[in-house]
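Each of the next two complexes has chain A plus one more chain, namely chain B in the first and chain C in the second.
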Partner chain A sequence: MELLRSVYEVAGFILLIALGVAALEGYFYYHFKFHDRPWFFWAGLAVFPLLVWSGFVAGGIAKPGLFAWLFAIEAVVLAFFRYAVKGRHSLAYLLLLPAFVGLALLLVYPFLFEVYLSFHDLKLTTIMMWKNTGKIPFVGLEQYVKVFTTSPLSEVTFWALLGRTLLWTFSNVFFHVLGGFALALLLNNAISLKGVYRTLLVIPWAMPQVVAVLAMRGEFHSQNGFVNIILGRIAEAYPLLAGLGVGPVQWLSDYPLLTCTIINVWLGIPFMMVVILGGLQSISTSYYDAADIDGASYFQKLRYITLPLVKPVLMPAVTLGTVWTFNNINVIYLVTGQAGGTEQADILVSALYKAAFTYNRYSYSAAFAIVVFALLFFISVTYLHGFDAAKDER
Partner chain B sequence: MTGTRKGYLSGLAASAAEVMDSPVRRAKALRYLLIHIVVITAAGICVYPLLRILSISMRPGDRLFSTDLSLIPDGATLAAYASLLKDTMFLRWLWNSLIITLATSFIGVSLASTAAYAFSRFRFPGKKAGLILLLSSQMIPAGMLILPLFLMIMKLKLMNTYLGMIIAYSVSSLPFSIWILKGYYDTIPRSLEEAALVDGTSQVGAFWRIILPLSTPALSIAFLFNFTTAWNEYLVARVVLFSSKQYTWTLGLFELQGQYITQWGMFAAGSMLVTIPVLAVFLYSSKWLISGLTLGSVKG
Partner chain C sequence: MATVKFSNIVKNFKDNQVLKRVDLEIKDHEFVVIVGPSGCGKTTLLRMLAGLEEISSGEIHIDDTLVNHLHPSKRQIAMVFQDYALYPHMTVEENMSFSLRIKSAPRKEIQERVAEAASILQLGKLLKRMPKQLSGGQRQRVAIGRAIVRQPKVFLFDEPLSNLDAKLREEMRVEIAKLYQRLGATIIYVTHDQVEAMTLAGRIVIMNQGVIQQVGTPIEVYRKPDNLFVAGFIGSPTMNFIEGTLRVEKGHVRFVSPSLSLDLPASLLPAEGAHEGREAVIGVRPDDVYAGREAGKNCSQKVDAVLEVSELLGHRENLYLKAGDLRLLATVEAFFNQSPGSVVPVCFNFENMHVFDKASQKRLSA
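On to the complex of A and B.
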């Protein structure tokens, strides 16, 4: 019964989408065939909102206000097509419309809403008021001041988080590229079982990230984790090393950031490896043959042939990897996000997430998000600018 | 594969005899041996956690916390799998994930396929601005939009529903999908459509009957991308879904591993059940996935 209801709920939504597509189809007809028939406009105005509304009803959400909204939207859309778009670009706009409506509602609007939130005061005590009346007290720049003066969690400051984020991003990307490059160079040799190795090496990337991170967190558990078991055995077998401090470590409570970094490096190397390997394989061997004739050493070939030719593939991957790592909430939250979890490993974005959903400081978190976005934007623009400048020099 | 492996083995045997008389060849064999050792070590590090989960999932209940490192534990049993399926709502979680993910991917791909067609085939005012908007939308940190989406979903009274999740997920992979599909459409010669137009179909008909069928590989890549993104998502689900009946599998597994340490075996069993199909699909499709990624970027 439960399952059946869930099917209904989604079937309603699917129906809604199907109707949306049907409506779009109708617009096509309207544009191509019913161009001169005035009844279509009125028929469309009457029929489409009703159809879409019944989709909502089937999905289990029926509100009278909704119908009025749909009607208004439909009227605007139909009028738009009847009077505004009659030119030769109409089809292109029609094709783009659904995607851009989706993006506007679920990407642009939330972004603007976040800006709005950051100037108001929405928190656990005001959320009921907002739910019922839709009003939140206006506080101006107070939230932005708080971002820099108070801790988003319980102790850690914005500046500490910023430093940690930069360290986290840099060390992760560095090891991703280093490890990925090394493995790609090794795999680019004419070795046997290459396909098997490649398959095994991409497993961390291919596994669902939640499983991979949770499993790795288990491996860093102080008693039952693989890492400490091995460290314990080494300490047992070689008392000399144990005297130097080798032995089980409280990874999750004493070195949470290091643990997260190790886990994320493990997760991220395969992607870089695959990208770089793709770049390496596209390099023609004739370059290397020519270099061999000239008597170039291995490192000269690496420096003057491989690196420059891999660069076009590597740079986008590094850029992408940097943004991904900077924005990586998943690893840190999954490792430290439980009740009683530490905040010693948090970076900007994970602190942002925790401030909103563990501490329920919505407006604060919105202001925080805007600051982080501005920061990322600034870094990206500077970086891309530098990238272009470097291109011009060549 | 078998051919090269055979060649490798016989090569090893032969090299034992030949290596002695040729320092160059000896150095080469040594180098290859080293490469194999390093790569095997790396592969071991990559695979080992997965094997550990497999091993833990088969441990009998009283030995869950042993420090045993063997891969097949003594007294291996499938009891954890049985109790996972019987005592938890694991199947229900999988079902929830499946519904949300399929609906999301379907919406994402259908929106992307038409938008990409417009970008690929038409010149219209605002085209460049649209493409830039798509690219720059990728710069918005995903974590940043969770809060407003959460509040919107709350306001719409869609908390704890599939519909809320689908709405939250549906456009997250859209810019990327449009980008991939546009790159693919660009490689399809226009003459095919022109021929169809001459034969009397409309532009929409040409898209529907010619471009879409020809783009099956790119469409499947986009679908796969949408699917894996939504399937593995955790952070949005964490805040939108709060009753364990509505959980997706990611939330369920987190709870199994997090709350009661005694459920370690069930967590491992659940992880295996989720990972194996995902791994299979990924490995099967990785060639297209990667070529699709590069295709989109090269043609962009």
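On to the complex of A and C.
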């Protein structure tokens, strides 16, 4: 019975979406198809606002004045289709429509709402007022000032977090590329069991991150973790190394950011490896033949041929990797975010998450998120310029 | 000073034997063209000489030095690849100077050598361009320039003209011939195009299925092909082949086939008992098949043939003839005023005729 109900719910949901898409398509079909008929305006105005309005009424969320608004909007849409679009490219737009509407609902609306929030003051003390009256106090740029002057957590400042985030991002991406490159170079040779190695190496990427991170976190446990057990054994076996300070370490409490970095490096290498391997395999072997005859050593071939020729595939991957790592809340939150967790490993986005959902400072977090967005935007654009220049070289 | 010697070279790719006991000596300053159909192992042989492919067995000497285990860069060879293999991210100048730069040669020397190669090949204006900004012929020249800069003892060319269009190919052929005269180096040139081989080579090496078929000057391989393969491969249009049986009759050999029979002169094939009953193939080039008026004045032993199609080439004309069941191609002087379907007398120039043993495919005639 449980199962039947789930099936029924899912089917109903899919049906609802299909109906929604069909309604949308029908709505725009009318505007494309009949834009030059004499009855275009009055039929549109008579039908659509009424339909939507009755939908709102049936849902019990109609407000006074709603009908006038719908009427005005429809008038604008009708005029737009008659005088601007004039029925052109109708098929193309009708096919694109569901995707556009989906994106608007999932991306544009939340983003606009976030911008709205960031100029107001929504927090634990004002949320009831918002629910009851629909109004929250407007505060202008105050939230943005707060982003740079107060701490999103209990102690660490924005600037410390930013430094830590940059350190975290660049060290991670650096080791991703280094490890990915090394493994890709090994796999690009004619070795036996290549397929097996490749599969094994891709596993951390293929596994759900939550599972992978929690499993790794267990391995860094101070008493029962694999890492400390090995370190303990090494210290026992080689007293000399133990004298140099090798031994079990309180990973999670003493070095939380380092632990997160190690785990995330392990998680991120497969992606870079796969991308770089693809790049390596696309390099024609005749360049290496020519370089052999020209007398290039292994490292000269790496430096003067392999690197420049994988750059076009490497740069987009590095950009993506940078954005993902900068935004990577999973690893940090899962390793350190539990009750009693430390703030020593928090980066901008994990602090943002805590500010929003632990400390309930919604407007502050909205402003914070927009600042983070601006930073990432700047970094990405810089990278993109970088590889446009690289492309011109070729 | 550079001689190259292949001794008993064998190459196996897993179970596939690509080269079967290749023996070849190349003298100093020689222009040798290795020619053969695609897949016969020419590239493999060249790559083994360059050190890019392992040698399964046998020895390669350059100037009496065994190079089997010498690194490619130490063999003092330079190779021009079929796809040019210009480094796509380097300018023409950087491509040409790469071998010197990675050795950290003095900058002055690099400049001089690049400038010299550029002037030989008229690349001066292109030095700052990227390979993708060049036409096919220009890329070809840059690839040759890169080889010249290394000042090698032996130049290796692997089908360097196969990616160019017909007109450019002719131009580059002349340029390569000039280059050879100017550089005076040893050149080993691989191609599947027998016209390139005939026009460029000092000596031609004809290969088929990993075996050398014949080595000789262009005239030798054209006039006296050692076997049926060489006879069919060299020369354009292709030689006519007629299959039949030999009979030894009073003082001469008679060739008998269902469509025609010929008394072969003693100068072509002396009468010997050994030839009696032998299955043979006669080869005769289209130029040595006389038809119509030419047949009238030049020879005895005429056969009647039906003209099927004629193709005007300009000053020559190709006639597709049929004598009995036998198809023959004759190339005669234009204009051959006969319409298709008419019967024309045909005869052969015995001086340039070839007789091969069908079983061994070897040449029988002198």
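Methods note: the second predicted complex is superposed on the first by the 306 of 394 C-alpha atoms of A that agree within 3 Å, B and C clash if a C-alpha of one lies under 4 Å from a C-alpha of the other, contacts with A are read in each partner's own complex, and residues count from 1 in each chain.
Following the convention adopted for this analysis, a residue touches a chain if its C-beta (ideal position, glycine included) is under 8 Å from a C-beta of that chain, and two chains touch if they have at least 3 such contacts.
Keep in mind that what you see is a predicted model, and the values were worked out from it rather than measured.
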* To do: Answer with clash or fit: chain B and chain C placed together on chain A by superposition.
  => fit
* Is A:95 contacted by the first partner chain B, the second partner chain C, both or neither? -> first
* Partner chain(s) touched by A:296 [first = chain B, second = chain C, both, neither] -> second
* Asked: Touching A:373 in the superposition: chain B (first), chain C (second), both, neither?
  -> first
* More residues of chain A are touched by which chain, chain B or chain C? -> B
* Kindly classify A:191 by the partners it touches after superposition: chain B alone (first), chain C alone (second), both, or neither? => first
* Asked: A:276 contacts which: chain B (first), chain C (second), both, neither?
  -> neither
* Tell me which partner A:308 touches in the superposition: chain B (first), chain C (second), both or neither. => second
* Once the shared chain is lined up, is A:107 touching chain B (first), chain C (second), both, or neither of them? -> first
* Examine A:333 and indicate which partner it touches, taking first as chain B and second as chain C; both and neither are also allowed. => first
* In the superposed model, how near does chain B get to chain C, counting Cα atoms only, in Å? -> 8
* Asked: So which bits of chain A does chain B touch that chain C touches too?
  -> none
* Structure fact -> chain A residues touching chain C in their complex are 284, 286-287, 289-297, 300, 304-305, 308-309, 393-394
* **For the chain B and chain A complex, residues of the former touching the latter** => 1, 4-5, 7-8, 32, 35-36, 38-40, 42-43, 45-50, 52-53, 56, 65, 67, 69, 92, 95-96, 99, 103, 106-107, 110-112, 114-115, 117-119, 122, 124-125, 127, 130, 133, 137-152, 154-158, 161-163, 166-168, 170-171, 174-175, 178, 202-204, 231-232, 234-235, 238-239, 245, 250, 253-254, 257-258, 264, 267-268, 271, 274-275, 278-279, 282-283, 286, 290, 294, 297
* Please name which positions on chain C make contact with chain A in the complex. => 47, 50-52, 71-74, 77-79, 81, 83, 85, 87-89, 98-99, 102-103, 130, 132, 146, 150
* Quick one: which bits of chain A touch chain B in the complex? Just the residue numbers, please. => 2-3, 6-7, 9-10, 12-14, 17, 21, 28, 32, 59, 61, 89, 91-93, 95-96, 98-100, 102-103, 106-107, 109-111, 113-114, 117, 122, 131, 183, 186-187, 189, 191-193, 195-197, 199-204, 206-212, 214-219, 223-224, 226, 229-230, 232, 266, 270, 274, 278, 313, 316, 323, 326-327, 329-330, 333-334, 338, 349-350, 352-353, 356-357, 362, 365-366, 369, 372-373, 376-377, 380
